[in-house]
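Consider the two complexes below, in which chain A is the common component and chain B and chain C are the respective partners.
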Partner chain A sequence: MPELRELYDAILNGDHKTSAAVTREAIDAGIEPMELVSGYMVPAMDEVGKRFECEDYFIPELLLSARAMKAALELLRPLLAASGAKSAGRVVIGTVKGDLHDIGKNIVGAMLEGGGFEVIDLGADVAPQKFIAAIKERNPQLICLSALLTVTMPSMKTTIEAFKEAGVRDGVKVIVGGAPVTAEFAREIGADGFGENATAAVALARQLLQAA
Partner chain B sequence: MNGRERILASIQGQPTGRLPLMPITMMFAADQIGARYLDYVTDYRVLAEGQMRTAEKFGFDYVSAISDPAREPADLGAAIEFFPDQPPAVIEDRALLADKTRLAALRVPDPLAGRRMSDRVHGVALLKQRAGGDLLVEGWVEGPCAEAADLRGINTLMVDFYDDPAFVDDLFEFTVAMELEFAKAQIQAGADIIGVGDAAASLVGPKFYQGHVWAYEKKLIQGIHDLGAKVRLHICGNTRRILEGMGRTGADIVDLDYLAPVAAARAAMGPRQVLLGNLEPVGVLRNGSPEIVRDTVAACHRDAGENYIAGAGCEVCRDTPEANLRALCEYAHVSR
Partner chain C sequence: MTSKERVAAALNHRPPDRVPIDFGSTTVTGIHVSCVAALREHYGLERRPVYVHEPSQMLGRLDEDLKQAMGVDVNGVFRRKTMFGFSCENWKLWRTPQGLEVLVPGAFETTTGDNGDIYIYPEGDLHAPPSARMPAEGYFFDAIMRQEPIVEEQLNPEDNLEEFQPIADADVASLKAEVEAAAAGGRAVVATFGGTAFGDIALVPAPFLKHPKGIRDIAEWYMSLSSRRDYVHAIFARQCETGIANLAKIHAAVGDLVDALFICGTDFGTQSGTFCSVNTFRDLWLPYYRHVNRWVHANTSWKTFKHSCGSVDRFIPSFIEAGFDILNPVQCSAANMDASHLKADYGDRIVFWGGGVDTQKVLPFGTPGEVRRQVLERCRIFSAGGGFVFNTIHNVQARTPVENIVAMIEAVHEFNGVAVHA
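Entry: the complex of A and B
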């Protein structure tokens, strides 16, 4: 019987080899995949988020923990799908058209995944039509738009307007984030919320999807 | 006292008459002359025209050849995407050093070979010619962490700090050698000061900043001093946890982004360090009012005390109301 606390510790310490090994042992021992996710992986990533917020962890530690979490999740994903287990919600995330910066988006995506969400990452420089296609094909509840540059922030507005024109805006919640983005800007462009950082984005996602 | 003399006096701890003024403008300067940003970053004559006209209009004490971080990577052969009216960007999923074994074969490019680095060198020379000694002329290079992030891919570099720290050091060693060659060419073209932009350094936390980044920043800054120029160190982002180290790099001017309080920087670096900044570029300078801008720069000045240069926390955004930028400049023009 594997010591499951080691999974929590491996993710917190960014040890992807141990997180994968413990997960394999747990699967072999017949432990329910959802127990691993909600009992150890989500709490570990919550703790990572807390340590990041209080400046105990920085970007290298956060990415390392995300890698360890993903190593475990890759092994569990087929089992979760087969069992019909429900995620906290399905999210489509991307950096908007014209912006190639993706580290902030990657961190938010990883923290959402660590928070139990199913995350579909469209990458950087994503055109509105690509978001719309993902909404139609994957049926997400939440869209996360990222931008690092003030000059690409207008692409967030363009994207949301394209959602309206395509008739898909009312079926999803939209949150925005990135260094120059403000809550005021989010309101102006008709987003449902603004995540100041990755942990705030996860909290907002949970709040929006619970209310929906 | 002209602008050049004022900034140099400030660096030497001598009286400046009034506050020196050094806001970073790039897209804002291009817009001032109605130029597309693509032309600003690819034609040094456009950059020089934008800088001169902006400095004259707002009463800056300097002009700068800063434009984008993709000049060195472009000359090394990295994949770059150009946009009509915004800064070019390195394409991270085709990073030059995605395979880190390629570092061994990488050679420092000739900054005068007629490519993007040369364009900046020509820009410095033209700015020197047009400023005529009245304004300080600033060249620009990337810091070791920012340049390494552009070559390796920032997501990968962050993990490299744990997975392969020796590679990180080797990469930093290469970037410092390259940036010193680039700085040398700009100094020989007339740069009085070299801006060192090390944006990614704010992401790594104090452990890796002290353990890896700091020594290479210091080496780069010392090298620029040895070449006869002053140094402005600018690290974008939240630098609160690395302020003390930034103050020990030897940079003549530490240019603070808005997330690091001026008071904390003063406490960490002592009274003699020249501090620059640090109005929030979006929330205050772009979205605020002239009164808010004036109050905020006054608060920065109060927290810094002596040895202070007025400026925004980072680049002045392109759609900043002119009245707001004027409020910042007018404060510097009448304050001691």
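Entry: the complex of A and C
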């Protein structure tokens, strides 16, 4: 019987090799994938988020933990799909058109994944059309837009407007974030929410999708 | 006071006759080529394409006529090779995606992808994989990650040191010529000789190398600060040694004509916090910075210049301890970076080079009146007793209205009590 607590520790310590190894053992031992996700991985990433907020962890540690979590998730994904297990929700994330800053976006994506969401990452410099295509093809409930340049913040507005024109706005929730973005700006452009950091993004996603 | 004396006074924390102004002396205190073109037009200068002297951020060169019109006190000297590994020579015309005709180096070779994205090549070699991309309607290039698969046991710090080699005599000679030309006009000289940027995230992907080895992916690099700290120490240690040897050679050639040396542009701050802890900074960076700064101070009259964006309030005491004389860009819009607090707490020990106006909101989106008000206020706060060189917070971005840039310059002149240029 694998020591599952090691999965929690491996993620917290950013050790992707151990995280994958314990997961593999757990799968071989016939442990339910969902038990690993909600029992160990989500709590570990919750703790990572807390440590980041109180500045015990910084960007290097956060990225390492995210990678360790992903190493486990990669192994579990096919099993989760086969078992028909429901994720907390399907999310499409991307940095808006004209902006290539993606460190924050990647962290938000990883924390959402760590929070039990299914995350489709469209990368950086993502045109509105690309978001729309992803909405049509993948049926997400939540869209996350990131921007770090004030000169690309207007792209957030354009993107939301394009959603309306394409008739897909009502089917999804849209949240925005990134260094210069504010709650006020989010309201102005008709987003459903704003998150100051990755932990806030996860809380917001949970809240919005629960209400939906 | 001459421009040089003015800057020298400011750098030595003595009140200059007026606040000195920098634009264009480094690749973090510059102006996007489109705005340089607009400024030339505003000041009624000769109509001709602007030189793009830093092709990745597409920064325009400020020529003598524009510097005079704006009242700039500083000249910049740059290393011979640009971010894409070619030098600024054999200029040719190029049209930006917005249709502006500009001059770019001859080796600025591009191809266009199916979706209109523009790709550029290291050393202008179209046979090498492209090292950066400008989106179809973009304003600048971004590095393409070219990370070879990492085999942990085979990682060798040498792989991350390809770009940090002993400087060639020909390069020393060209720097000497450039420094002499820059100093001739009576302005202060800021030099970027290269080699002492420790882990600058803009340089890690090495868009200037054809086949970069080692750790070149941005996320991989950040993780390495924690998971492969010995490896990073090994890179920094070697880099430090070579960097100082190069500075010694360069100093022997150029002497004390340089006023400030751009040491490093590694960003430690984000909008709300920092990339790493103060402890990590003190373990991983401080020893090398201290080495370089000590060498410079023991052997030259140069002041040392540190750039770091974001909320670095908590790092400033360590920057000072490491021997930095100058901090840039002083991002007052980030957390805990209020101008009055910075001036009161550190103003006697470090020079603020920047902080003159916010480039996230006020300069690009404010009214000329709002720009003027903020500039006057920042000049008042930062200039007391010297220790301030006026510059925007980082480069002036594309699409910044020219009226706002002009309002900013005029406000500095107004503060200085100098007649506004036509």
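Here, the second predicted complex is superposed on the first by the 212 of 212 C-alpha atoms of A that agree within 3 Å, B and C clash if a C-alpha of one lies under 4 Å from a C-alpha of the other, contacts with A are read in each partner's own complex, and residues count from 1 in each chain.
What we mean here is this: a contact is a pair of C-beta atoms (placed from the backbone, for glycine too) under 8 Å apart; a residue touches a chain by one contact, two chains touch by 3 or more.
The model shown is predicted, which means the values in this text are computed figures rather than measured ones.
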item: Contacts of A:E32 with chain B and chain C, given as first, second, both or neither; value: neither
item: Chain B versus chain C as contact partner of A:P180, first or second or both or neither; value: both
item: Partner chain in contact with A:L100 - chain B first, chain C second, else both or neither; value: both
item: Partner chain(s) touched by A:E196 [first = chain B, second = chain C, both, neither]; value: second
item: First (chain B), second (chain C), both or neither touched by A:E47; value: neither
item: Footprint overlap on chain A, comparing chain B with chain C; value: 14, 55, 58-61, 63-64, 67, 98, 100, 103, 106, 125, 149-151, 179-180
item: Chain A to chain C touching residues, read off their complex; value: 14, 55, 58-61, 63-64, 67, 97-98, 100, 103-104, 106, 125, 149-151, 179-180, 196-197
item: Residues of chain C that touch chain A when the two form their complex; value: 135, 137-139, 142, 218-219, 222-227, 270-277, 280, 359-361, 364-365, 397-399
item: Complex contact set, residues of chain B against chain A; value: 27, 81, 83, 85-87, 89-93, 154-155, 158-159, 161-162, 203-205, 207-208, 237, 240-241, 281-283, 286-287, 317-319
item: Sites on chain A touched by chain B in the complex; value: 14, 55, 57-61, 63-64, 67, 98, 100-103, 106, 123-125, 149-152, 179-180, 182, 184
